[in-house]
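Each of the next two complexes has chain A plus one other chain: chain B in the first, chain C in the second.
Showing the complex of A and B:
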């Protein structure tokens, strides 16, 4: 009987034999952590080679670069205070992306959130003891308002939200400039930023370094979003829609309702991020407070594959890369372009390590 | 995206009354030899504001025989500024030089936290016993370049591309017009505000529109050299800001240029000698003290005009005031009385234009 040739689509004849690319089942968490760590390590090694090639002395490299960051309380505080708002915007992106609403307008919603908070602060609205809470609520409402129009256009007219949310960023930014060069400019100096927030309008310090409540708030919000996506009924329905929208529709899931709910939540969280940055870090509304957050949030959500815990991890990674990038410049006087190259290498290595979580390469024959 | 750099650039200035005077009991004392470091908010080779600081850094290094490390692309938010500065301080830096308006609040906090470190912030607004914000009297150099523009313009119609309409931009517009009118009393300056410090697309559109309306010299107070490049393309003349923009365009005949080293070198020496006393209102530097100066002039400016400009420059160094009375705004309202000079506070708050300035508002 003639042997039947079995076609092996994914098989290639490699140098040592044949390799198959196989989809893995679920990989245990511990093993996943190991794979991602290997990715980070590889990224660090490649970066070290790059630095050495550009003339940095290899001795003490690890010591100055890694140990210096994690052994200094101040640097740890710097990482955490940057990671907290990054986590919030990463969660905001996650909520929208889970609902397949491509919210590229996080930056605009951050700006509007901060504008909402500042509006409350400027008008001294409500009792002073409740001011900070009122500001947070106003920021969330403002963030929702800023996503509402693209959301409406998407649901009603099928207008592509990637374009509309992106363009809303520019409108938000120019509105911010309009306020800061106009009625909200600092009455003391006539310069284009809002007046400093009063003490009751700032996030409370937690008493360690210069950290404030933003870190605990970020942790709580990670848990909330994890519950919402992983354990609540809405999360269940959303997973259903995410994996098979047609089937979900046929089963009577109200897809539009879910999209509206999660997109609004995304806008509210982005607005809250704007509140956190302006009240927790800048202590006033400035022209540049939002820089580096909006698009980092999108990057973080993609890297984290919409997993809220992974969002926190990648937010910290991005913050570490920022502080490490500065220390590289300070220590070695390398140009910023080199720093960006190193940051990109590490991010790509980590993203690529994901591949080995979902696939395995097996040698056959 | 493009938005990220906008805010910034430059040039804002030190406000007069921003932070109430901290009590300056005694001059600031530096421990050890001066060890400065520079923190730049954008790329150090941006062709404009940041590059002018980096070039000054190189000159100061040479003059004082020290090395000044630099870190670039530190955006104007506290999460980025603080670790950069603290890393330098950990490494032994004891003079921190900033570069942006948006560093003001964080530098004030850091100055309180590190009383043994001296802070200098170009374009800042905050001051303390160990923190000095500095800015230049850019109206002096823009006035001199305005003279070149007045001489170069055949039609008497001059254009000006500016960032945002507030004090420190308005004073360059007005001074530019006054300079042009010194040569040609009928000259007008049509100003377009782009609403951004660095937006080459809008700057190109504004410059092209101005040239279509018949202007034949373009001045500027924005960060990119785009207006000068467009001027060259369209065959008209121009004048630059921040640095000598003839590097980018043959149209450029005069530039208002930053000369920070003229201030930084003696200041660092004073800090080292324990003679540095900060002003609670910031240091507002004239040509003489090392704010801006001019790079003048190109081949198109006649020897006669060039001599007039250089004579006027000398007069300013000797004490001549650009905003001396009697001076009225374009609506006829008197702004400076005969025999008086516009105060610094009125300069920072300038929201009016002199006769001959045509603007959107």
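Showing the complex of A and C:
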């Protein structure tokens, strides 16, 4: 293995004797995958212990997570229908993070995307045959609008986008409540929902159960993002910028323009994700349709290390977790918050495992 | 006049959580550790405070102590990630928020603490002082934490500015390599700053449940942790400016229920957006009025690895 030896500083005295932290040069990809997989396994193990501690029988664990899901066509359909929007938001986070724009406002963009789509549906805008496409476009535009302000503030005024995008989530949520408790409330429903979408306002059914076009669309989008990042000139320029920003600037690469491009694409994808959840799963706008997606999108992008194919893989993993979480809720009265906690535990373990990619501990004496 | 007095009398209660959280963040970040997990620590403190009141039936001040301790416990996980394992501090902070959201909802639901009200912290009794016109309502009908907050600020400012510990802490945050060369244990100082800072943030969260709402609801910190982070940037890491900022946000939050009380017909959800919109405005204002020195600690967000020094 090619490793650059870094001169050692004085060894420090710890509880375990003297040890040194050694900086690794570069770890081969295969070995990195191994380390990260170990992190994921550790996370799953800790989660399993947590579930057992909260009353799930160890034998029931395998049953809930593997047998119950993959032996029933219905549950596989449920997993796939969650995995599709999760993939979309994971890709959205990937695009933004690739351009070093911390888009933590995916949730707000999901909300606005769904609002945009519902606006088209409510007003019966355009010909019925094109309705669903119009809704998708409106969702993407709405998502882009919702990221535009933090993006502008970041580029022009260096306002920290982590906080500004996050604040936009709370604003979007309150606006959603304003609509759902106000003019958009379905008078026939006891809950603050918009009225059900018509048939022309839903995605075409494909496959079995309640599966629809969302899965094929997600697959196509994975390929599109893979092309954008891996083969297009924009992806190439982005890699250039982040391997040597000064060189790129000297060569006339417009760094701000690239950030704008990728961040807007991220907003558009998040908005599209909102469209997919509202029309593909809920068939209406509700006050809670978005919960968990924004957060999961960010975690998926982190776990996948911004690789679009890995995004799809982790989206399926999280979708399995969500479906299993629902049955745990029914059969063991375990709150759904467990699903979020497990995701966080897995990410913490993976983040911790990266330590071993960058450093090596060497015992001295 | 009545409106004004009612409004101002409510300001301290709303300002305290912002003030304590911002102070905790300043302590933590002065040591060079970027702490984006404030929202998570506030949730942890709020849940622990409510739980202590409901299940242990302790004095409200003890419940606040438990809130701070629980938050400190959670901060050890964060410290393990960013100080020992040198994980990216942005990712670590965010994942702590997600972790705390899940953990608090899980514990509170399984213990049956959600949506159960309790009698929390009451006001101090100043006798005749509290019946003074105007002044009495605003200054002498508050709970003890309001007064303690000012004291905590004074002590913290003194420690940071004028003691050995404080100066070393700032050295670690400005230039860890130099501090290390001078023999200051960088990791230890950062650990201390993270734990103490997060205790203050947890206290802020505990105050939300124990003294203000007297009830726990999932996710009830409602973005106050994020607003506190913005406040710290606005205050350029100066504790007294942060306190002033917290009072401004206290005024805004106290105004919301007041406007409804006097029968002002405003779209409710737009009014609820107000704190977030104002925070955005404050951030824009901060960056527009950028002086040459933002006050940001020099090594903020950078892990220290002795063997990586150049």
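What we mean here is this: the second predicted complex is superposed on the first by the 254 of 365 C-alpha atoms of A that agree within 3 Å, B and C clash if a C-alpha of one lies under 4 Å from a C-alpha of the other, contacts with A are read in each partner's own complex, and residues count from 1 in each chain.
The rule we apply is simple: contacts are C-beta pairs under 8 Å (C-beta built on N, C-alpha and C of every residue); 3 or more make two chains touch, one makes a residue touch a chain.
Here the structure is a predicted model, which means the values were calculated and not measured.
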Next on the checklist: With both complexes overlaid on chain A, does A:177 touch chain B (first), chain C (second), both or neither?
Outcome noted: both
Next on the checklist: If we overlay the two complexes on their shared chain A, which of chain B and chain C does A:122 touch? Say first, second, both or neither.
Outcome noted: neither
Next on the checklist: Just checking: does A:239 make contact with chain B only, chain C only, both, or neither of them? Give me first, second, both or neither.
Outcome noted: neither
Next on the checklist: Quick check on the superposed pair: does A:163 touch chain B, chain C, both, or neither? Answer first, second, both or neither.
Outcome noted: second
Checklist entry - In the superposed arrangement, which partner chain does A:288 touch: chain B (first), chain C (second), both, or neither? => result first
Next on the checklist: Per the contact definition in the header, classify A:307: touching chain B only (first), chain C only (second), both, or neither.
Outcome noted: neither
Next on the checklist: Need the overlap of the two footprints on chain A, from chain B and from chain C, as residue ranges.
Outcome noted: 170, 174, 177, 181, 295, 335, 339
Checklist entry - Which residues of chain A touch chain C in their complex? => result 6, 8-9, 12, 20-23, 54, 102, 104, 153, 157-160, 162-164, 166-168, 170-171, 174-175, 177-178, 181-182, 295, 298-299, 302, 334-335, 337-345, 347-348, 351-352, 354-355, 358-359
Next on the checklist: Quick check on the complex: what are the chain B residues that touch chain A?
Outcome noted: 1, 3-4, 6-8, 12-13, 15-18, 37, 43, 69-80, 82-84, 86-88, 90-91, 101-102, 105, 125, 164-167, 195, 348-349
Item to check | chain B contact footprint on chain A (complex, rising order) | outcome: 72, 74-75, 78, 81-82, 107, 169-170, 173-174, 177, 181, 186, 188-192, 196, 210, 277, 281-284, 286-289, 291-292, 295, 322-323, 326-327, 329-331, 333, 335-336, 339
Checklist entry - If you look only at chain C, which of its residues touch chain A in the complex? => result 36, 77, 80-81, 85-88, 90-92, 94-95, 98-99, 101-106, 109-110, 218, 222-223, 226-227, 229-230, 233, 267-270, 272-273, 276-277, 279-280, 283-284, 287-288, 305-309
